[in-house]
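Once you scroll down, you'll see the structures, which are given as structure tokens.
Two complexes follow with chain A in common, the first pairing it with chain B and the second with chain C.
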Partner chain A sequence: MAKQLGFLVDSERCVGCHACEMACKNEYQLEPKIRWRKVYPLKEDSFGLPERNFMSLACNHCEDPACLKACPVIAYTKRDDGIVMHDQGRCIGCRLCMLACPYSVPQYSETRKKVQKCHMCAERQDNGQKPACVSGCPMEALSVIDAAEFSMAMSSKTLPGFPDTAATKPTTRFIKPSVGVQVRRDR
Partner chain B sequence: MEEMPLVLFTVLSQMAVGAAVTLALLDAFGGKVEQAAGVFVAQGIAVTAGISLLTSLAHLGHPFEAYRALSHLANSWLSREVALFGLFMALTIVYWRQWQRGDAREKTGLLTAAAGVLAVAASGMVYVLPAQPAWNNISPVLFFSLTAIVLGPLFVAVLLQRKQQVLGKTSFSIVARGLLCGAASFWLYASLLLGQGEAAAVIGGNIVHSGAFWGRLLLGWAAPLGIMAYAASKPEWDIRSKIMPLFVLTIIGELLGRALFYGAAVALTVAGL
Partner chain C sequence: MTGTQVFRNACPRNCYDTCAILSTVENGVLKKVDGDPGSTYTRGRLCAKGYSYTRSVYSPDRIKYPMRQKGRGTGNWQRISWDEAYTEIAQTILKIKKQYGSTLPICLNKYSGNFDIMHYGIEGMLTSIGNTTRATGTPCWPAGIDAQTFDFGTIVCNDPEDIVNSKYLIIWGANPAWCSVHSMYFIKEAQRRGCKIVAIDPLLSQTASKADLYIQIKTSTDGALALGMARYILDNGLYDGEWLAKNSKGAEEFFGYLKNNITLEWAAEKTGVPQHVIETLAREYAATKPANIWIGYGMQRHTNGGQNVRAIDALAAMTGNIGKSGGGAQYAQLETWGFNYHAMIQKKPENSGGSGDRAININNFGAEVLNAKEPPIKMLWIACRGPITQDPETAVVKKAFEAMDLVVTADMFMNPTVEMSDIVLPITTTFETPGVNVSYWHYWMSLNEQAIKPMFEAKNDVTIAMELSAKLNQMEKGSCTYPTSGDLAEWVGKEFNAGIHKQFGISGWQDLKKGPAKAKGSLVAWQDGKFRTPSGKYEFWSEEARKYGHYPLPVYVEEMKPESKYPLRCISPHWKLNIHSQFQNLDWMDTVNNAPCLEIHPSLAAKYGIRERDSVKMFNDIGYIVLPAKISELVPPDTVAVYEAWYKGKKFNVNYTVKAIPADMGKKATGSPGIAFHDNFVNIQKV
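Here is the complex of A and B:
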């Protein structure tokens, strides 16, 4: 089976500190409005009892990327390891990929007049390093997995609020937060 | 408005395609288009096609690199749209020259019309995207085709009138049917959206609560249909004094409708944010 790198997001560990976002912005000196990784709060009643949980998302490096199919200039390519790359040199700023991606991943830079997105720190990984967001997470809630081989009883392909995965087959995998126990005094 | 270049490009290019189809069919099967009038109409179609393509460039971050959009014909509907509209524009120029002098005018006209029809279909397919619930169906292709059907004959009628020729009643009957079909299908489309959950219902709400929708309803559908019904109710059909108001009202309606198409769409969102 071909290699397919993806992120494993452990929402049980994530405390919503946004350090992953900042590590990514710092690594690539992104413009203020642009975030390649975003931390989303989950609805508090997603797992029954009220609880604050978070979902940290970057590009899902989909198996069947809608951005790649829509792009008219072949700015998107998929590496052998499954990482979806975006070549800013080819981008003409038509923004169709932004409409095509179900996860709002590609973002438009008003200064460069081009789209940009997470490339899973491909160069860092080629040099044996972890992606900046993975290294920057103080809770060790992020890691890189081979989604083609990954199997973990606690993991899931989706979380409440994550758009339907059928269209593009995203490779991000999640560990769901465990449901808390609400202790009540017996009447 | 960010989408204005796309609103102008799609409406003008579809009008040019509708007009090319109308002129080609009139020339091949209807007869009676004088050469001077035909040259003038074909020139109008080529100029409109050219303006629409130039307008589309304003949407790009890097318009001078637009030629690269032809790179991904195998998968990207946008590449196919660019290629087909480029071909259509080139053919409108050839068609114009054929009206001036040439012995393959009818064939060139039908070829131009065929390229235009494919270009409009490709243009609609660009927006059929799983991430956009309101567009991920046949509606973009249907609405874009209806724009060509209603605006094309009216544009030809305006140009022919400048050369003292009047388009026949059949063409106006096609426009009226196109407007009725547009109104009915849009109503059904908005109702279906409103009846669905989450993003689709939000989009349906955006549409019916928008001033552009009611402006389109009154100016783009009710008023032109009323004018044509009034003309048809007279003992003798005479539309000459009403062609320009009909055209202006219909194009305003189509522009409002297209602004609504782009403005009301809501993409799938992550975590409802």
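Here is the complex of A and C:
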């Protein structure tokens, strides 16, 4: 099976601190409004009892990327390791990819008039380093996996609130938050 | 400078984690920051705030040059030169000294915006002009410090990296997931190794969300829970009699108090925690060894906060968990702060008037400034501090600013404190100036190298002190003793001494250029059994406490309760994207979150006809704020939560409603009692 790199997001370890998102911004000095990675709060009662849980998402480097199909100028390519790359040089800023992506991943820069997105720190990975978000997470809640052969009993392909995965086959995998015992005065 | 260089920096913020940073500089420009893997505490990782540092350095919002405002709060700022600023400040200082016969009408309010050791130079500058008035104390944590000072003799905590050795951990009124995220890693690691994590908190915090057991205690009743547990432990013989006999004073009196005054029924009623839960918690805590308690600063911000900390300390002591790896009653430590304070300790000029500095309570700053007589306070110097956003009773603090002849604020951003000043001095970021940093929690020390040149016309606090001294001496020879020149990097070296070298196993401060250093021993608090109390033992019975007007034993002191007019408690804890008035103002943070909100329980919201995102006015007799509602079962039904922060361009400030009610303790160790920030009672209405 061909290699398919993806992110493993451990939402039990994630404390929603946004360090991953800022580590990314720091690494690439992104414009203030551009977010290659975003930390989404999950609905507090998603797993029964109310809790503060999150889903940290960047590009899902889909097996069947909708952005790539929608792009009229072949700005998107998929590397052999599965990383979906976007070429700023080819991009004409038409934003069709933004309409196509179910996960709101591509970001449009008003100053550059072009789209940009997470490339899973392909260059860093080529140099044997981990993506900035992965190495920046203080909780070690993020890692890179080969989704083609990844299997973990506790993992899942989705979390409540994550869009339908059928169309593009995203490679992000999740570990669900576990809910502790709560002694509360209201229930 | 050309090419790529990597510098060592340290995050100087008022935070447990005090991270070691590696800064990448290309052609004199700070390109990015990374965590320094040399620290086993931060493990090469920063936090969201740390990773935003390039943006604070290059923020378009930075104050670029000195400015004078025509009319405080008008926004009518004019650029002035540093010389004009120094001249006006020096003239005012000398005029005040002449008129009042001393410099006591000049008041310094400097605290935790930058804990770099060199920044104590600002205190030194004020000392150098004569006797002055000082905002004294700390808003953050003094009740707990006094409590542990009565019990142990001072504050010392285990190395937080030792948490992995705990088999049972109670996180009591602390939220490390937001406020000490690198410790949260060790908590999760302990949990993975089989440690049970219990979070006791009125709010279901981010930390509580990751715990095995969350206990929603009624706010400010923590002492009652601890005493209920202590009674159970006593009745069931689960205490460590041997440890008590060897190491403690007053255990018998404490046990007598428990037998005569504490019942589990009472504790359950008081705390809202069912009796069987208290019993299980007490049994598990006492029977699992080693068991650890992390005592948060949030839980001591009450009128009985210090007393509650003493009751929790007592639990740790009676079960023999003190002095043990994996055990303890962790609060904080100042063991690694033994610097020379060379920048701070200065001589006063001769014949400058007055017989000593005058202390006023930092925690009731506005009122104390206004009430100061003989002489009155006429000039404020604000550094590393944002009283207008962070102090209680904002309206009173503003009045105090308005009553001044001159307000000088040194800052990086145009925040509400700067807006109420006459002169603003642009200050360097941590990357633009050398220094050295230690933590009040972990045992690492990090050098802070100058990585880039100061931006714009910004200057370091010590440079300002030197240059102002030159101006004062030019105007009146001998009026200021502060050195008028000096190499800042050399000055960092002057903070070190043999004790520090030995403690950290370094031969000189330059060793830190190779990486951060960790204290070499004493990483388990009180392992030697030498307590620093008058008796040399752990003191359940503290005459020192009695001397300061408290009960000698950790008895329960009634918590503050709401009155009918203001039936709801408002808790105003820290938010994850800021430290007080820092960071949340940056556009990088604003993109993630730009909306303060009021967390409110669905049943309470229904009672007031409030729906999600409705505008809610929260008010009491001193002020109000209007906020969108966030309906949530993460808060209890009788409490609302508003996270304190300064948002650029927003009128939001929770302290409009917070009264300067003193916490019970703090006077002994810090000079002033703390603030009962979380004893804030309010009402709400939909608007």
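A few points about this structure:
Convention: the second predicted complex is superposed on the first by the 182 of 187 C-alpha atoms of A that agree within 3 Å, B and C clash if a C-alpha of one lies under 4 Å from a C-alpha of the other, contacts with A are read in each partner's own complex, and residues count from 1 in each chain.
Rule of thumb we're sticking to: a contact is a pair of C-beta atoms (placed from the backbone, for glycine too) under 8 Å apart; a residue touches a chain by one contact, two chains touch by 3 or more.
Remember, it's a predicted structure, so these values are computed and weren't measured experimentally.
For the composite obtained by overlaying on chain A, chain B and chain C can both be accommodated side by side without a clash.
Applying the stated contact rule after C-alpha superposition, one finds that A:Asp45 touches chain C and leaves chain B untouched.
Judged by the touch definition given at the top, the superposed model places A:Val15 against chain C, while chain B stays out of reach. Once the two complexes are laid over each other on the shared chain, residue contacts for A:Ile92 go to chain B alone; chain C is not touched. In the superposition on chain A, A:Asn26 makes contact with chain C only, not with chain B.
Superposed on chain A, the gap between chain B and chain C at their nearest CA atoms measures out to 12 angstrom in whole units. In the superposition on chain A, the residues of chain A contacted by chain B and by chain C do not overlap at all. Partner chain B is touched in their complex by these residues of chain A: 38, 40-43, 55, 57, 66, 68-74, 90-96, 99-104, 108, 112-114, 161-164, 167-168.
In the complex of the two chains, the chain A residues touching chain C come out as 12-13, 15-19, 21-23, 25-27, 29, 32-33, 35, 39, 44-45, 50-53, 135-140, 177, 180-186.
Interface residues of chain C facing chain A in the complex, by the touch rule stated above, are 31-33, 35, 42-55, 177-178, 181-182, 184-185, 188, 204-207, 209-216, 218, 272-274, 277, 576-577, 587-588, 590-592, 601, 603, 632-634, 636-637.
Of all residues in chain B, only 59-63, 65-66, 68-72, 75-79, 82, 126-127, 129-132, 267-273 touch chain A in the complex they form.
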